[in-house]
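Here's the structure, in structure tokens; my notes come after.
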């Protein structure tokens, strides 16, 4: 297990509790040492070389590194250390095309690559993680015992989606759907909030909808919960961050030529919430005022 | 109970099973007679006058009439038959502004009006109906025993949303959210379907997402179920009907000035699926070809 | 001419310059008196009764009143003063359904109604006004001499679109198109502004596009002009107001079931620029943070 | 001039008419020979080697090759033939990132690269071509005499936008704006067409709008022209093709995080017109019918 951030550390814990021996490495070594103290079957490793050396072949190296260059850098270091037949699994979020590229790169060295979209957040330690896995059947055989420990139950909550890249692809689409569903729910709740004359109790409505309505969903559960505590949201900034998956989903739509208008728009609304549409809005304000200003110039001519 | 269509008849059945005495009327009397044969405590009524005469005051008249003029016509007939203090509840789908108008109209005659958005479809008979109810506290008192029989459980699945009109308003917003959520889910599934190289099993993915994913929802359950039977959908027409609630939600957004871009777009995509965008697309095709055609004309000048 | 705001006063001036005798009334009488001093053939009228009394039958009464109730109030006052065969023309912006209603109302009294969508802004005095006119052929006959004075030239820039209501309908659609075109242009310019590495001179690009590009348009002319003066727009608020026509266009799309997704979205983006989407964005921010918060609760269970 | 398709051949003609000596090559040599017969100062070249050999240094090689691999293949062939200080200008449509990559590739060999977005279609031969040019000042010096012949007039209709890549970038954004403007116009015209009760003459309205309206534009001119000939469009397919620029513009919006919702949606509507949204619509139809179907299953349980 390389990378012991919030996700990686908890996954290591769940694996350890499930009886697996986990060789753990992190850029700052304290986290690995602390994990090793928690669990006897977690072994803290000081370097990638030490970690690889400690594993019997065929090895399984599980990456949970931050997005960006870290994964490519780790692969670059690992490549000469690993032996043909070893498997590298990337469980962090990544663009599926990067995963396809990495799979091809590793295959040249006789290594297997797997990609796993992992969902579960901070409650995954207790409840398990949903895993969407891509890679060959041989690679899966190596990883499957560990996937079964991580999943909510050995047979549910994980899926071998297909070849390398398909795991991150399915996770990407999952998050794209999430963008649209969230936006739809938020728009409806805002319309109720905006209807002052009815003075609707959003907490009560969302709680009621949880029982038997067509829109019942985990996102609704979540909304019902925080609306129970606060409906005014006066202290919340109307700023909605976005991460890679939403963007990648729109790129996919454009590349395929398959329309995903609502998904795209949900992403664009997040951009707008971040103030990235301000310049366009200034231009529009200028055009509107210009209907008059231009006229003056024309009139003088 | 006026109007024994699919919804009305099953609601009458559930009320009868729950111990209520139901006076039932339908435009074509066979349905009422048949219901009366099924249940001893359903009484078939041949006319509105007979139905009203058979009820002790204060009466509760529950309308489940088809959309359009039927409700206004029934109110027109009922108005002289009812007595001050009686309550009329409209459980059919209606634009909340119509419900507000009807409430004002009945109030002038000393009658109470309630509006109830009813969700549940054909499985409501067994599982109960979610009811979003608007109207005064006094009117609610008359209707509450029956609402509790109809609901999945006496205390869940129904809500007194506020004054008359608010029940249909909340139901309208519910359906607006449904439009956006459905569209988001469909777009994501279509992107997976369009990624031929991965040959993803949509039934397996949706089934897996039901366990622990962020997008788990009743709509996903539904999709997982029919994808299990058929993923190709070769025999399905790509035509998506729309009903009043989606349209009313967009009108509400425009009137409030509260943006509901994803909801609006989900509705517009349905219009497009119905071929209503064909003329615009023909115009666009002409404009594209015209880039050349116009040039010819210019060149000749 | 009833209503001597910016538009009405300039239209009265253009009519007077064109040789017409104009009976002018305004809520605050100063404007009418001032116009009468400017032009010998403008007659200031102190009341609607005086104005009507001073006109020979068949009369033509031209309304340029502010949006809202003013037009209905004026019609209410005028109705008993006018004689069968007289014509009332509403040249202010109005929802075409209101114009249809007013036409029916006046027809009962034997009066003609015309509606005219007037475009031209403050440069119309010099250049003429584009008029989109609805009403019967008989009504048009009365108004045509004046329309020809107002138009840029007697035969261009005005159109008899059809029956009463159609003038305001065509003007409404015109403005709807304007919303979408403006938004498209603003988005493109913002993308160039956002591409810092190219440091593109937006004034130069828009000026160049005016010559021979596919997007050449009056809106582009306008943009080129103000970008020449200021590209940073640091002192401009990113707030884009909206007026009735954009909203009515979206209502029309929804009522017809004819998709107008880009027009609708351009309107929604204006709502968002006005901060009307803030509550939805706060909800989205809460949902995002809730992915974790919810987990904690689950974990404790 | 490499590549004598419709655009390339006419540009060669305009250059020849303007007095330039044009060395012309095409994959199928007939076109080059035919051009050479038309114009004494067009020299047909049988191979890239022959073409390069015939040019005095510093050379200017102008590419007008079809999208895809052709440009990279030509560059691969040209690279060993050219000498430091020569300039290659790509006047075909290309993704600006490809142009940036090619500029870097050529710079390593001491060659200059320019990219030019060329607008003008088949009327450019007579009226000139609008050129949006990227590249260094030195490269521009070599190309400027030819650019001035191609442009509508020596000083208008072309712009040095900035460094290599910026020309194709500006052209890409131009086309993105075009997508949105076209869609906005088409939506408005479709709303008028859909309003049967007014029976509006779209040809008359668009012609009138050309005089003084806010939406006057070249696209409107185009629409007015073909609507004059045919408003029913019965024989036109509602299929709207799309090309690279619209897609690249959306990718740019996503990469920048600058919202371009209307542009994106205009593209998505084209995808939908191509039937690419059919699978999503089938899913939606299934979900709608499933509200009932699911119920049956539930009821039986």
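Letters A, B, C and D mark the chains as written, and numbering starts fresh at 1 in each.
Just so we're on the same page, a residue touches a chain if its C-beta (ideal position, glycine included) is under 8 Å from a C-beta of that chain, and two chains touch if they have at least 3 such contacts.
Just so it is clear, the structure is predicted and the values come from calculations on it, not from any experiment.
Ranking all chains by how far their C-alpha centres lie from the centre of chain C, first place goes to A.
Taking each chain's centre as the mean of its C-alpha atoms, chain A lies 35 Å from chain B. If you average the Cα atoms of chain B and of chain D, the two centres end up 47 Å apart.
Within chain C, residues 120, 127, 183, 185, 187, 189-190, 194, 214, 219, 253, 256, 258-261, 265, 269, 272, 276-277, 279-280, 291 each touch two or more of the remaining chains. A complete topology is adopted by the chain contact network, contact being made between every pair of chains.
Considering their complex, residues 119-120, 127-130, 132, 152-153, 156-159, 161-163, 165-166, 169-170, 173-181, 183-185, 187-192, 194-195, 198-201, 204-205, 208-209, 211-220, 249, 252-253, 256, 258-263, 265-266, 269 of chain D touch chain C. Put simply, chain C touches chain A in their complex at residues 120-127, 182-183, 185-187, 189-190, 193-194, 219, 221-223, 225-226, 233, 236-241, 261, 265, 269-270, 272-273, 275-288, 290-299.
On the side of chain B, the complex with chain C involves touching residues 214, 242, 247, 250-251, 253-261, 264-265, 267-269, 271-272, 274, 276-277, 279-280, 291.
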